[in-house]
Every structure is written in C-alpha cells, then in structure tokens.
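Down below are the structures I want you to see.
Here come two complexes built around chain A, the first alongside chain B, the second alongside chain C.
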Partner chain A sequence: MYRYIFRRTYQLIIVFFLFLVTSYLLFDAIPGNAFQNLLLNPDLPPDAYEQVLALYGLDKPLSERVFSYVVNFFKGDFGYSYKYYPKTPIELIAERLPRTLMLFAMVNIISFYTGFLIGKILAWRRGSKSETWITITSVFSYTVFYPWFALMMLWYFGYKMDWLPIGKFLYPEKWYDSPYDSDVIFVLMIKFTVIVSIIQVLIYVFTKNIESLSLKRNVRFIGFLLNIVGSYFFWNTGDALLKKTYAGDIAYHMILPVLTVTVVAFAGTALLTRTTMMEVLKDDYILTARAKGLSQRRIRDRHAARNALLPVVTSFIFTIVTIIDGSVLTETIFSWPGMGQLILDSVLNEDIPVAMATFSFIGVFALIAHFVADISYAYLDPRIRIQSQG
Partner chain B sequence: MKNNNNKIEKKLRREAFSKNWKLFKQSRLGMVGLYIVFFFFILTILQPILFITGFWNEAVYHPVVGYDDLTSDFIVVDCPKEYPTEKYQSRTDCPARNEVNIKTLFYNTAEVGDTIELNLQPAPPSRRHILGTDSLGRDVFSQIMEGSQVAFLLGILSATLGVGISTLLGTIAAFYGGRIDAYLMRQSDLVLMLPTLPLLFIISAFAELKIWHLAVVLGTIGGLGGSVITIKSQALQVKVKPFVDSARITGGSNMKILFSHVLPNVAPLALLFMVFSVTGAIASESVLSFLGLLNIEMSWGLMIYLAQVEGFIFSGMKYWWLILPAGLSVTFLTGGFYLVGRGLDEVFNPRLRKR
Partner chain C sequence: MSSILEVTNLSMHYETISGNVDAVKDVTFNVKQGESFGLVGESGCGKTSVAMTLLQLQPENGKISQGSIKFDSNEMIGLSENELRKIRWKGMSIVFQGAMNAWNPVVKVGEQIREAMREHSPNNSKSENTKKIRELFEMVGLDESVIERFPHELSGGMKQRAMIALALSCDPKLIIADEPTTALDVVIQDQILKEIRKVQEVFGLSLIYISHDIAVIAEMTDNMAVMYAGSIVELGKTEEIFKDPKHAYTRMLLESTPSIIGEKKKLRSLDGEPPTLINNDNKCLFSYRCPNPTNECKNRELDMELIKISSSHYVDKCCIDCE
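Presenting the complex of A and B:
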C-alpha cells in the first residue's frame, strides 16, 4: 500500500511538471503577445516595444523562458501580471477565488440536495405519471443549451419583470460613500454562510440516530428555525448592522446566477440518483426489509437512499473539481468578476503569468482530488491494489 | 462448414438485435428520444432535396448568402422620450409592429403619420418563410436545417473518434496493465487537468477551426480524458471472466483475445458513451459558436450569437423566431440523444429494467 502511494506521488510530480510545460507551450502558441498594441501607438519611440519585451523577458528564446518559468514556479515566484501590472497573480486569485467559490459552493449544495431528494422520489414512484413528467422536466433542464437559457432568465427576471439586477457584482452607485471595501463585506458573508452551514450539518449529524422518523423531522425543523432566528439577530446587532445594506446588495446580485445554475445543475444529480437507486432497489436486502414489514418511507429513506448515496457523493467530489472550469461561461454571461472571468481575460489578453497561475491552480486542485480518489479506491477495492503492484 | 457457421452467427445476431429492440421499445422516453433524433435527421436531409428539386430557390433560401426582398407598409411615428404613454407601455413597445421610428429613417423625407414602403427585416413567419427571416433577410428555417447538418456531422464524427480512442486505450490499459496502464492513466490525468473551455479558446486562437477540425479536437480531448478511466474499469471486470482464461488456455494470442473477446464485451458501454458524448459535442460546438470563436458559416450557436449581438434577445418575444427556434433545437436534439442513451442503458443494464 505505501509503495503504491509512493509510486503515485512520484508519477503525480512528473504529470504536474508536464502540465506546466504543456500549458506554457500552449500560451506561447497563441499568435502575438500582450504588448503588441504598443506598436500601434504612433506617439511612442520606435524601440519602446523592444524595451518592454526585454523588461518582461519576452525576447529570450522559448526554451529559456519555459525553463526559467518552471524553476521560478517551484521557488514560489509567479511573476507580475502584464495587464494589472503592480499586482501579482496570487493577489488576483486571492481576490477572485472567494467570489467563485461562494457562488458555486452555494449552487452545488442546493442542487445536490434537491437533486437527491427528487431522484429518490423518481425511483420510488417508477412508472407513475408524475415520474414521467418530472423526468421530462429534468431531462430538459439537464440538456438545455445553457447560454441561451441564462440569457432567457436574464431577460425575464432582469429586464421584463425588473425584479433582479442584470449581472454584475454590486451597484457601484450604492458604494460611493461606503466605509468598507467590498471584499471585506464579502469575506464576512462567506464566514457567516460557512458558520450557518456548519451548524446545520451539526444538527443533521446529531439527529441522525433518532429512531422515530417524525420526531427526527420535527427536531431538524426546529433546529433550522433556530438557525434562521440566530442569523437574524447576527445581522441586526453591532458591527454587522452597518454592513447589512452592503451585504444585502451583493446577495441581491447573487440570486439570479444561483437560481439559473441550480435549475441547470440539479437535474444531473436527480437523474444519477434515480439510476443508482433503481439498481439498489433490486437488491435482496430491500426484499428482506419489505418482508420484515417495515414502513415504505423507512425502506426508501433508510435502506435504499443511504446506499444510493455513494455514487452521488463521488460525483459531487468530481463536480467540485470542475467548479472553476465550469464558471467561465456563467461568469461571462452574468458579468460576475470571479475566477472564470480571470481565466478568460488572461487567456484572451495573453497575460501569461496570470493565465499560468490560474491554470496551475486548477491543475493542482484536480490532481489532488484525483489522487485522493485513486488512493481511496485502491484502499476500498483490493483488485486495483493487486493490479498496480505488478 | 464455414458457411454454416456464418449462417448461425448471422441468425444469432439478428435474434439478439430483435430482442434488444423489443427491450428498447419498452422504454417510452427512449422512443420519444428516437423520434426527436429522427425528426432532426429528416430536417438534415430535407434541405439538399429542396434545393435540388428546385422547390426552393437558392438565391432566396440559402442559409448564408440567401436574401429575400420582402417589403411592407409602415406608418411613421415619433417615439416619445417618457414612458409610459397612452399608446406605449414601455420603451420596447415603440415602434410597434407596422410602425417605424422617424429617428431611425435616414435619407428619407417622410413626415410623422405618413405611410411608406420599407424592407421588412427581420420578417415575421409567413407562408413563404415558415420561421421568418433574420435581420439580413435570410430564411431562419433554412438556417435551422443547415445547423442540424452541422450538429449531426460534428456530433457523430467527434463521438465516434473519441469513443474509438478511449475504447482502444481503455482496453489496452486494462489488458496489459503495468507501465502501459500507468502511462495511459497519467495521460488522461493530464488531459483532465486542462480546463476545457479555456483550452478550446487557446486552440481557436492559433488554429482556424472548421467543422472537421473541431470534430477532431473535441473527439481527441474527449477520447483521451475521463472516458478512458471508465472504460478501463469495465474492461478490468471483463478481463477476469472465465472465458478469457479459457481462450488463453486454448492458445489464443494476446491480440486475438483483446480484439475478439475483450473488446466486444466492452462495446455496449462504448456505444452508450458514444450516444452521451454526441450530446457533449453538440453543446460544445454551440457554446463556441455562441462566443463567436469558430469559423463555421452557420450553426445553431451562431444564430443565437447573432440574435444576441444584434440585440434581439432583450426585445423579448417580439422577435421570437430569432430566439426560440435555435435555442430549442440545440436543447431538443441533445435531449433526444440523451433519452436514446438512457433507453440503451436500460437495454444493457438488466438491473435498471422494470422486471
């Protein structure tokens, strides 16, 4: 087992090294570079372009640049952004990442929860009319052409009904005389959300072993209510009271993206849960549970759904890996200034340090997730372990 | 003897096909999906037929360079600055249908209240143009047909290529194991690490992407990525089955076992993957066209892109024929392929069946 982990780690380092080199070569293959618009400016001296290139080290041959980039990368030096000059890529990522994570963590949690509930019911009511209609709706929202759907949502809720803002992160006119930075408010919102969800998870965990289903549901509902009352008091006392309007502004801008992505994302989970649950329902222990005379709800929630949860959780982990990749389109359409926009912006402007930093960030994220998944599979499934020793 | 064997094989195949078809027909949604795909397929082959038989004139109905000189009478009005007024509820209601804003008339000496004859673009649906025309006077229905040709060509080509690559690599990885397996798995890790959309942006920046190129690029990225891992795990299960051992004992070479015993048993899963990856390829093409990054003359994504760039999306349902058909076509064709895939899943996976 340790030998397996060691071998995987050393392969992982090689893959990461290859990944860095490949991405650098890809960025270099884009014609032109970030400073070419200097050539178009007639007021600049003719050698300004060459001087700027020399300043950023872009006049050196490709092999030397790749080598120095990789060496500096492992030293922890990511260089400076070409477009936002005094800022480093790390600063930019630190600014943008929380926005993407907050938006998509929220979307994923909501959509996985509702998707799991819906999928459970779908598998249970197999063959009924309601199952067919819910399935058609889920397939529609699973395969709907996403940019088109997002634009239709923007048009309906943002323009025709005028309930919600059309894109962007905040209304600038509300923030002119604001004593706070928007990032400070946003970090506070993240902290608040994390604490509330931890409390909610704790309530869930502590009530897990209550035998009676109705008592369990009531206790959970009371816990949920307490959570809401607690957060109401939090936002209406002390320092948070002053920040409330600004936080509300950001939250108001979050509603439409969250709603749209949730509608698109829940269906995948629902359909997956339906399939796995239908496989589980064929198993013998479900028959045993029925023979024991347990109630239908108990069989559905305790015996079938628990076992159908495993593949869903796996797919949840893999969805988390693709969050940043998947955010490109959403953030472009809703003008949400997060990681997706940063990647797109840096790729289109050939801001190589920022693009490399974002790519390697995603790469590290994905590698670690795959590594953990592989190790846990090897731990759970002896066949893979034996295979890989050969 | 050999002839007889062939006959038996053929008969067995026909029987298996009819049995599977019966199973597929049991899933109603799968049949709905098949009908949808079939409908779009008819649209695909109908357009060339209409052009060849001369039913449609190419100068008028061509999806890219066609132009129809439709004119209509318009009443000249002066749109107010403040809304709402008695006649108009909001800014989008003026000018209403059959009206034209005097401020948008150039080189014209018309007065408010006059009736003038102007080109009607985009023209609403009529008998001549079933889904109307776009802002350049091109027939939208013909564009939808052209878009479905692109979608079918690209989807099926890239899915076949991708699934071919991943099936071959997945079975080889499972069958030989060891170093080859490690190499192939790390390669698919590498492909999975690269974010897809930014990668396609980069490729579209230095390569001129037409349908064929895009099909190859999408197929390769899809084929080297995650599906190799899934097919490998399926092939691992096949590899430990008794018939592989007995084939080895009777003296089958590695190649023989790989191609005539392991591959056919992975094929159902590969077919399933293929149907699902058609969905992905069509969606990717539409997204790239929607962002204006491809060198394709007409496609569904491009139609939505044009509608968005020209500002018809936020005009609401006034110009519905520019917004709804293209978006719904992408949705329905991908949905149709998805439903077919689900039906096939029930055929190949007995545990999903009703009984």
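Presenting the complex of A and C:
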C-alpha cells in the first residue's frame, strides 16, 4: 500500500507539472494582454506601454517566462495581480475561498447525502407509486435549465414570499460597524462545521465494534445529541457569542443558494444510486442476506447500499472540486463573491497571475481529490486492495 | 421419528409477461428428524424453486398458489415477513448453489457469519460469537484466520466450507444444500460432501440435498424424490429407487450415470429438451420423451398423481408400468 501511495504521489507531481505548463501556454495564447488599454490612452508617452511590460517581465520570450513562472511557483511566489496591483493572488484567494468553501461544502455534503438516501430508497421500493413520482421529480430537477430554475427560486422565495434575502451575500447595514471582517466569520463557521463533522465521524468509528445492534443505535443517537448540545454551548459562550449574529446573517443568506443547488445536484446522485443499487439487488449475496433472516433495513443498508456506493463515490469525487472553484453561474445569480467570480474576472481581464494561481489551486485540489478517491476505493472495495499492492 | 418438515400439495408459479410458469406443481414430501432427503432432476426442473419456496425466498413474481409447509409442526405459509425471519437460518438454513457469489464481497467472512448470529441471538457477546465461529471452522476444516479474510481471498472450496459453517452458525434444525458442490472440482467435491455428512451426524441435523447428480444423491441420502417439470415423479427410499426404479425418467437418469460395480452398460443419454412450464395443464409432461408411452399417455389423458406402490415407494401413476 505504501509503495502504491508513493508511486501515485510521484505520478501526481508529473501530472501537475504538465498541468501548470499547459495552463500557462493556454493563457499566453489569448490574444492581447492586460495592459493593452494603455496604448489607447493619448496622455501617456508611447514608451509607457513597453515600460510596464518590462516591469512585469512580459517582454521576455515565452520559454523564459514559462520557466521562471514554474520555478517561482515552486518557490511559492505567485507574483502580483495586474488588476488589484499591490495584492498578491494568494491574498485574493484567501479572501474569496472561505465564502465558496462554506457554501459549496454545505451543498455537496447535503446533496450527496440526500441523493444517496433517496436513491437507495427508490431502488428498494421499486415499482411503488412513491418511487415513480420521486423518480420523475428527480429527472426533472436533474435536467432543468439551471439559471432559469435559480431565478424562479429567487423570485418565489425572495420576492413573492419575501422569506429569504436576494441580491447580496450579507446585509451591509448590519456589517457597517461590525468589528469583524466577513472572512473571519466565514473561517470560524468552516472550523465549526469541520469539527462537528469530525466528532460525528469519530462517534461512528468508535461505536463500530459494539456487538448489540440496539445498543449501538442508542449510543450513536446519544452521541448525536451531545454534538448538538455542544454546538449550542459553543455558539453561546465566549468569543463565538459575539460573532453569533454575524454568523447568523451569513447562514440566513446561505439558505436559498444551498437549497437551489441541492435540489439540482441531489438528483444526479439519487438516480445513479438507484440504478447501481437495482443491479446490486439482483446479486446472490442479497438472497443470502435475506435467507439469514436479517431485517430489511440491514439488507438494504449493509449489503445493498454498501455495494452500490462505489460508482456513487466516483461521481461525488468529480463534483467535489466545486467546493473550491464554486460555480460561476451560482455565484453570479446569488451575488456570492466567491472563487467562481474571481476566476471569471481574472480571465476576462487577462489577470494572468491570478488566473494561473486559482487554476493551479483547483488543479492541486482536483489531483488530491482523485488521489484520495483511489485510496478510498481500496477501503470501500477490498477487491481493489489486493491489486493496488503490486 | 417425527417429521421436521411436511410439505403438502405445494404449488408455486412465477408470473411472467408470457404467462405463468408453473415451477413447483403439487409437491408433497416429508423430511424426518435427522434424515437426509434428496431432490434430483435435470436443470430447470424446479429443484431450486422448491428450496426457495420452503423459506419463501422466491423472487417477488413467484407466488405460492396452494399447499402447506409445516416446519416443526408449525404452518409456514401465511406467516408475516417478520415471523419468517425468525425461522430463516435459525430453523432452516441454506448452503447455496455456487457459493462464489453468495458472500458479500465487501464484508469480512467472520463478520458475515457473526451478523446472522447477532440477528438470532442478540445477547451473545462478540467473543462468544467468534469462539463459536472458530469451532465451526475447525469442524469444516478451515483455518481460523479465515474469519478476518474477505471472500475474494478464499478459493471456491474454502468459500463453500465457510458457507457450511455459516449455515450451521445459528444451530438450525434443517439444512437445505442446494447443489453445494456444483462448480467445484471432483476432489474438493468429495471433501465437501464428507464435511456435510459429518456435520449432519454430529449435530443430528435433517438435510435436504438438491442435486442433478444422481450418484451424489445415492451417496448422501436416505430418501429421495425425482423431480420432472416441477412435479415429483418418484418418491421413496433411496435404496429402493436405485434397485427398482419404476418411473421411466428415473430409469433414464440412472442409465445416464456410469456405475462402477456390476456389469458394464452403454450409457444412455436423454433425448429431447425439458418441457416449457408455461400454461400447462396437469397432464404428464414426460409423455413425448417417454421411450415407451402407453396410449393413454400419448393421448394425454392421465393427470399426474403419485400413487403408492409399497409402504415407502410412490410413483407417478402415468408411468407406473411403462418399460
């Protein structure tokens, strides 16, 4: 296994290097550059343009620029943004990332979980009326034209019912005299979510070996309750208490985008789970499980769903990258100034250092996600474990 | 000796688009305590359907249309799913045909056995369960390290041995062995058969042995039934049937297997295909393959029905004296 991890890491580095060079070449292939409008300004001396190019090193030949970019990249120097000059790409990303991370991590977790849950119930109740209707609904939300759907959600919940805010990602009047930056709150919320999920996973792992099923269920339920009580105390003591109203404001603004994207995204998982699980249900070991007299729920969850999980996890890994790069459409429609907008902005303005930094950031994340996926396959399916040892 | 299982007039059909497939037709037999009972017939004659119907594990389109199954003097037909669950594995367990796919590939073998024990005796501790699995593994000749292995790490023979251990894990009264040696090579086949006989003797179990191999049935069972097209055509003591087969189909089955004792005979093969089971009347379906049918048979005038010819030997009346 360690040899396998080592070999994969080695491959990752090569792939990432190729990725970096190719992206640079592609950005270079865009006609023009960020400073071309200087030429249009009659008040500037004619050599100002050349001077600016020389300042940023853009007058050098392509090969030299690629080389120095890659070298500087591995030194950790990403240059400066052309558009927001004194800021570096890292500063820009650090500002935008928490917003996207919070929103899309939420969406991904919720949509994957509900999708898998609904998918397995659909496969289990194959042929029933509820199955037909939920499948039709899922196909609808899977195929719906997303911008239209998002606008309809905004119109209904934001305008018609006036339940949820539209057009902003927070209320400026609330934050006007706030002692905190919105990013601080975002980071706190992310930390909170991560810790709560880790505790939940730990509860699951530690109770795994309890033999009695009812005891296991009860212990897990108590753990879940404790987690909720702990969260309540966390937000009502010390530092977090002061930040609570701001966090609440952000959470309030998050409801609508999370709801909308979840409705669209869960359907894909649900339909995929339904299909794979229907295949699995035909397998012989399901019959063995039934013959053993196991409960329906246990056959469904332990034997069928567990085996249907692999393709679903694969699709999840492909979508998980949206945690980082967000989605331009979602962020534009819901006025959520996150990574998606940053990417779009930097590419349109030919702000190459920022575009390169964001792209390579996404690249690293995607590569790591696939790496983790490969390892988790080995965990999910022991048959892969053997082959991966070689 | 009392009967552990009494099956009376059991019929089951599969509802399909092209009509009802009568997979089990009016089947009647008894299995006594501690006895081993054989069910033999060609592929597709309904042997496995009988086995599945006994535990009511037939696919969803399989409907029991009549009959009764009395297990341990309790009627099983009409029980709810939850009541059936208590009988499954604790009362009757199955060694499946082709154990290759009978194990969940992502769960350790030991855990899959423990899971069944947990379901039927929830108060056992994990170490008690593991101890019992160790004992069972020792009995079927498996190393105890197999507990921590995944199914794909085992060979076919090991899987089948583990399957026997699994079938014994909840101390059932009756084991249904559904072609447990199919897909195994001859040497392993022999070992598995010995294993099954050993556990049957040690635990005093009743056994239903299902096979298409009449030689194995001869070796393994006290009583047997020959199935053809969903019906039992001959039923009785294994010895008697082998000595004096009454039904033409039984005779042909016997003649298609070589015997190592007695005179050498030319092996005969059975002509024709098994009949389709869709929308049949109750007339003899063997008539068109029968080497020597009577006129009544040819004109399909006789209904299929077992008649008694001695205290322990029944045969389909249709074929009672065709040679």
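To be clear about the criterion, the second predicted complex is superposed on the first by the 312 of 390 C-alpha atoms of A that agree within 3 Å, B and C clash if a C-alpha of one lies under 4 Å from a C-alpha of the other, contacts with A are read in each partner's own complex, and residues count from 1 in each chain.
As a convention for this text, a contact is a pair of C-beta atoms (placed from the backbone, for glycine too) under 8 Å apart; a residue touches a chain by one contact, two chains touch by 3 or more.
Not measured: the values here are computed from a predicted model.
S.K.: Touching A:219 in the superposition: chain B (first), chain C (second), both, neither?
M.R.: It touches nothing on chain B or chain C.
S.K.: With the two structures laid over each other on chain A, which partner does A:152 touch: chain B (first), chain C (second), both, or neither?
M.R.: A:152 sits against chain B, while chain C stays out of touch.
S.K.: Looking at the overlay, does A:190 come into contact with chain B only (first), chain C only (second), both, or neither?
M.R.: A:190: touches no partner chain.
S.K.: After superposition on the shared chain, which partner residues are touched by A:284: those of chain B (first), chain C (second), both, or neither?
M.R.: second
S.K.: Looking at the overlay, does A:293 come into contact with chain B only (first), chain C only (second), both, or neither?
M.R.: second
S.K.: Have a look and say if chain B or chain C is in touch with more residues of chain A.
M.R.: B
S.K.: Report for A:101: first if it touches chain B alone, second if chain C alone, otherwise both or neither.
M.R.: Neither chain B nor chain C is touched by A:101.
S.K.: Looking at A:19, would you say it contacts chain B, chain C, both, or neither? Reply first, second, both or neither.
M.R.: first
S.K.: Starting from the residues of chain A touching chain B, keep only those that also touch chain C in the other complex, and list them.
M.R.: In chain A, residues 383 are touched by chain B and also by chain C.
S.K.: Could you pull out which chain A residues touch chain B in their complex?
M.R.: Within the complex, chain A touches chain B at residues 11, 14-15, 18-19, 22-23, 26-27, 29-31, 126-127, 132, 135-136, 139-140, 142-149, 151-152, 155, 159-160, 275, 278-279, 282, 324-325, 328-329, 332, 343-344, 347-348, 355, 359, 362-363, 366-367, 370, 383, 387-388, 390.
S.K.: Which residues of chain A touch chain C in the complex?
M.R.: The contact residues of chain A facing chain C are 209, 211-214, 283-285, 287-296, 298, 302-303, 306-307, 380-383, 386.
S.K.: Note which residues of chain B are touching chain A in the complex, please.
M.R.: Within the complex, chain B touches chain A at residues 28-29, 177-178, 181-182, 186, 189-190, 192-199, 201-202, 205-206, 236, 240, 279, 283, 286-287, 290-291, 300-301, 304, 308, 313-314, 316, 323, 326-327, 330-331, 334-335, 338-339, 345, 349, 351-352, 354.
S.K.: Which bits of chain C are touching chain A when the two form their complex?
M.R.: Contacts found on chain C: 55, 57, 81, 84-90, 93-94, 96, 98, 101-107, 114-116, 118-120, 122-126, 129, 150, 152-153, 166.
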